[in-house]
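Two complexes follow with subunit A in common, the first pairing it with subunit B and the second with subunit C.
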Partner chain A sequence: MSKNNDTSQSIPIYIADNLPSLPVTNDDNVTHSDIPLLFDIQAIKKLRYEMDILGVLIGTLPSASQQNLFLSIPLRLMVEEAIWLVNSGKCYFKKLNYITNTGANCDDELPKKYMHSIKNLQDIELKKYMKRQFEYKYKLKLEKEAQFCNTKVKSDAMITRTDFEKHYKKMEPSLFIPISNTSSLIAHDEHSYRKYQADKEFSDRMVRYLYKRYKYDYVVYKHLREYKREQRCVEDMEEGKDSDSERFYISPGSKFGGRFIVYPGDPLRYHSHMIIQSPKLITTDNNSSDTTDGIDLLELVCSGRLGTGVKKTCVYPFINVTKVAKDITTDQSSIDNCSFYSIEWSGFG
Partner chain B sequence: MSDQLTPTIVKNGLEEYTLDAEDVSKRKNINNKEICIDFVVESVYLNLKYFLNWQNVKIYKICNSNVNILSGLNTALGKEDAAPQREYVFPVHIKSKKVTDAILYQIYTEIAPVNFFHLGILSEDGTVVYYRVHKGLQKPQK
Partner chain C sequence: MKNDNLSNRDDNEDVDTEETLASHLLYTSDDDDEVTRQDWTEMLKLSQVQQIIPKRGDKDYEPDGTNVQQTLLFNARNTMFDAISEAPRGLIIKHLNKAYYNIGSHTGIIYHAKGSFINNIGKTNSKGQIVLQFYEFVYLVERGTVIPYLKFDEDNEEAEIQLSVQDLYSFFRNQQELDEFMVYSHLKRLGYILHKPENRKTTFFPSNLLTTNNNLFCQNKAFQLWNIFKISLASPLNLLLLPYRSNAEIYINLQKLISHSKVVKTRAELLSTSHQQQIHTEKAPVSGSLNIAFDLWKPNPNFKKKCPDLPDFQILIHNKNLQNFPTFDDFHSIFNKLDYKFEFLDDIEWDEVSYVNEISRKQLLTPKQQKQQQFNIHNEQKKNKKRVSENVLQLRRLKNGFRKFILAVIDDGLINFITIAEADFSTENVWYEPQRNKVRSGSNKSKNRNSKQTKRDKTKKDV
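Coming up: the complex of A and B.
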């Protein structure tokens, strides 16, 4: 399937196999396989700088899971993005296994139980670390007090249990919570030659499965990705404000009520220009003319007003269903199966 | 509309009609469907002409179809310095489902080389709102 068969050269995207024992919600439409993850910082860098793929950092700490300001790896990709990367041979899907701290692979057993055991181990380690830190800081504090009162503290003085109970609560907020910079889950994952073939089979199966579920959104994504520079907004280039990038940067669009949002360059430097709506499907039979649901105009007015407020155009894609390949292996890049219309408020009326 | 108005020009697949206040008052005895279509075109026409003060507003019908489009010289505020441009409006009712890829494509073919037109959306209380439709991906104007 992937044009680059050498998986050692491409980047692994970790994705859970469709595990029935691990439902995300009661909704059958959402599964664990809809969450492609990247754990390697170098791979994330490569994707951002070379392929204009952004993703969203979602990693937080089991010990401080409520904080969401400083998120870390893993990086979550959009499913369409992941399909595009795998299909173009830049990446491959790798099975995300649940691994204990001892490195044992427990994919087929009860993963939840092992996830809990990882958390318990991490909690114990964290407690030990915090205690050591407390002891160190408490000693410093005692030394300072002694210096102030001109007395001496024995260097080998032990901190008693009562001291600990009395002072730990007070000092806890000043203690530092360590953040590991590698994932213990992935660190134990072996990269042996033996797994190579299994990876490839899994990757091919997964990309076919995801394409079936997401093919229309994928077609829109692919057209946006491969939209030629000449076709792009002329004013961008005239103003000299256009980015160096050949392509658009695409992000999930739910925060503006669309399927995707499109940036003319890196989102750290540019505001987005367009909100892409969910595609409208056109079916063409040989017997009858085109049949399609038109744009809901109330919805159009609604998104048009929102677009005016946030200075973006609202884009409606139309997809010709009959020209969309049923399987990703036969998917050919063709311009004529998708068309875009950009809509914005005229400024009067 | 077509049985009450006579086409004056047939050019590039567009039939042009003229409409004035007398014609509007005459149109009361047409069957329901005709009134429904006419009502939208007429309301948007009047809105363009008398509310937005567009000049030289004309009604066109795309040949061999039921699609009506309006065009006029946009004399919107802030554009006094520049000469007003001829712009096109596709009148449509807010409950209509006919804004499809096929119709949009048809209109673009007729109005080429102009690459945009306005959707004149008439709602149930008589308000008309205008939305600019561009072919392809277009960044916002302002």
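Coming up: the complex of A and C.
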């Protein structure tokens, strides 16, 4: 389904499937997870720099593990965000729970040969990493000693084998063992053709499944995301330059009582401007069984007041249910299936 | 950070003056709105040397297309990613803690644990190993306290592979578990102690007290009958027999006419409602959608893992995008399930009223611990010695309510904590207070206060 068929260039978004069914969901048949995750720093960077996608970091930052303002990998995406990314061919879904789902539910059934080969690879890598650490630390130590004795150390001096054997054991307790973010189990079998086919099939299935569950929120998200804001500053206008167009940055909005929050630029630098409320559904087809959502006056007053308080505009999306596609394959971005109205407290009285 | 950014700019003078002007405008812009810009610069420094957490920085209204803004943003993004990538998770070999994941039991096991984290995390089994619940396991790995391994061959002891963070996330059995983990790690980072309520032995409701408490239950019924009787007294006939002589009497009798659901306020009431609840739950079990996810204790160095005291809070988790908001009935059943330090009960020694296997916890404590507890209680009493007027206490009751729990609402990675409490407006005498006149007579006091303030102001001016 994804427009870009070459998965090697797009970014994998990990999502779990075939989970034991949950008692919490409204739909009893649901067995998939709705939590798209990313584990690779480079992929997260690419999303933020090139696609204006934020996500929320949810892991503990080990250097400051007693606070919640600055967090680390993994990155959790909004479902609507993930659907949009996959549907536009920039990313694809990949199965997260590969070990527990390959039939290896207890230790005996794990494919031992495969695991042994991974263990060997891990050992070799760790040894290399340790050696590099040792060399770096040993050089630092030599430099310190030289400073103390007022002599110079040659920058390109090699560490001989005898030096290594002599000092490595002493230094070993202070060497660092890292925990990697990305899995070596899954990266190992990346390139085979069968794997590629399986990924593509899985990705398509997940998109269709998620679209069914989140289609109204997704329609709103898609409109906001694909809306291009013309950005012209005074200097450019004077010089007659072409205007840049910029996209909105969108993040989850329950902090301000809405579905989304919209930023004019990266939230690292800019305040948000809009609170997007959950979509109201309307029908134009009299024969359909869907009903039109009413507007609660108190709700309007509430969001108007809140908006004024936090200096943001409250926006109500209205979705024409009859014009929303039932399946994502037939989904085309049309302007007439969603309209936005903003609420503002007028300054009278 | 701002100065650094500016000094890194080109040498071109024109550009510089333009930018300094623009930056001046930027920094004086109105940004009281929402102070959520994250200044990762300080965080990067922190990753090298442990310091205090940085304050949040300033933000702009919108992109204006100037180079200054773009460089500021460029630097902000770079420092953010550097801070993340330069703070690897892991341990030095000297402090190595290997934790093994067990797919079958969905737990982590540490054979030889080092470090102070074991004081309030995990359980010790008969072999002296620490067994970690899965959320505890992932939290410790993310923090860099243990290194995760998976054994894949039971015959060969060395057959183990190191797991990554991604592998661990793949082991979450459902997304509810992942949401629970997010709340767990959020509160853990703040220093709270968390455990699942299922395995807790300490309770406020020991079964022996509940079953023998029929007397209390009967008293309660009798009390209700008395209320009905009192209401019938407020008939027109009553007016002839007992005419009202003051406004106060009218108000007091009016209050009896208002019907209301009863809010639990005392220990006896708590015990009796729990008894009723037990009978109800046996008949109709509550749907499993909403359950207490975690017991929460404030940070406490004397925390006992085996036999903890009653938790300070209880927390529920609700995923906003996945579930419908709990109904009134859900809330009602949760209120009856609560079992924590009901903070509205005054003058209670918690060790005395919390029970482990139907024995008061106070009897289980060693003399040394008892002394420590008494010392703590004494200190608390000293703190609470301040007398508060009845008016203030009433306002507090109305505002804080009685039984309460915390609802953690999850929205795609963001967590909002909401306290939900049972309030009681019906029995509080808000419109008539005989003492109010006395208090009002103290309006001289406020005058005195004002005069004191003016005096202070004067002295300030003099200075």
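Basically, the second predicted complex is superposed on the first by the 206 of 349 C-alpha atoms of A that agree within 3 Å, B and C clash if a C-alpha of one lies under 4 Å from a C-alpha of the other, contacts with A are read in each partner's own complex, and residues count from 1 in each chain.
Just so it is clear, contacts are C-beta pairs under 8 Å (C-beta built on N, C-alpha and C of every residue); 3 or more make two chains touch, one makes a residue touch a chain.
Bear in mind the structure is a predicted one, so any value in this text is a computation, not a measurement.
By the touch criterion defined above, A:Thr313 lies against subunit B but remains apart from subunit C after alignment on the C-alpha atoms of chain A.
Contact with neither subunit B nor subunit C is seen for A:Leu142 once the two complexes are overlaid on the shared chain.
Once the two complexes are laid over each other on the shared chain, residue contacts for A:Phe340 go to subunit B alone; subunit C is not touched.
In the superposition on chain A, no contact is made by A:Ala325 with either subunit B or subunit C.
When both complexes are overlaid on chain A, the residue A:His273 reaches subunit B and subunit C alike.
With both structures placed on the common chain, the touch criterion links A:Pro264 to subunit B and to subunit C. In the overlay built on the shared chain, the residue A:Leu297 is in contact with subunit B alone; subunit C does not reach it.
When the two complexes are overlaid on their common chain A, residue A:Ala43 makes contact with neither subunit B nor subunit C.
Ranking subunit B and subunit C by residues of subunit A touched puts C first. Look at A:Ile159: by the touch rule set out above, it reaches neither subunit B nor subunit C. Shared interface residues of subunit A (contacting subunit B in one complex, subunit C in the other): 231-233, 235-236, 264, 273, 311. Across the complex, subunit A is touched by residues 47, 51-52, 76, 92-105, 118-121, 128-142 of subunit B.
Residues of subunit C touching subunit A in their complex: 31, 33-34, 36-38, 40, 43, 46-47, 50, 53, 56, 59-66, 69, 72-73, 76-77, 80-81, 83-85, 87-94, 96, 102-104, 139, 141-144, 147-148, 151-154, 159-167, 169-176, 178, 182, 185-186, 189-191, 287-289, 319-324, 409, 411-414, 416.
Taken in their complex, subunit A has these residues touching subunit B: 224, 227, 231-233, 235-236, 262, 264, 273-274, 280, 282, 289-290, 292-298, 300-301, 304, 307, 311-313, 315, 318, 339-349. Across the interface of their complex, subunit C is touched by residues 14, 16, 19-20, 22-26, 33-35, 37, 39, 41, 44-45, 48-49, 55-70, 72-74, 76-79, 96-100, 104-108, 110, 112, 115-116, 118-119, 122, 126, 172-186, 214, 217, 231-233, 235-236, 244, 246, 252-255, 264-273, 310-311 of subunit A.
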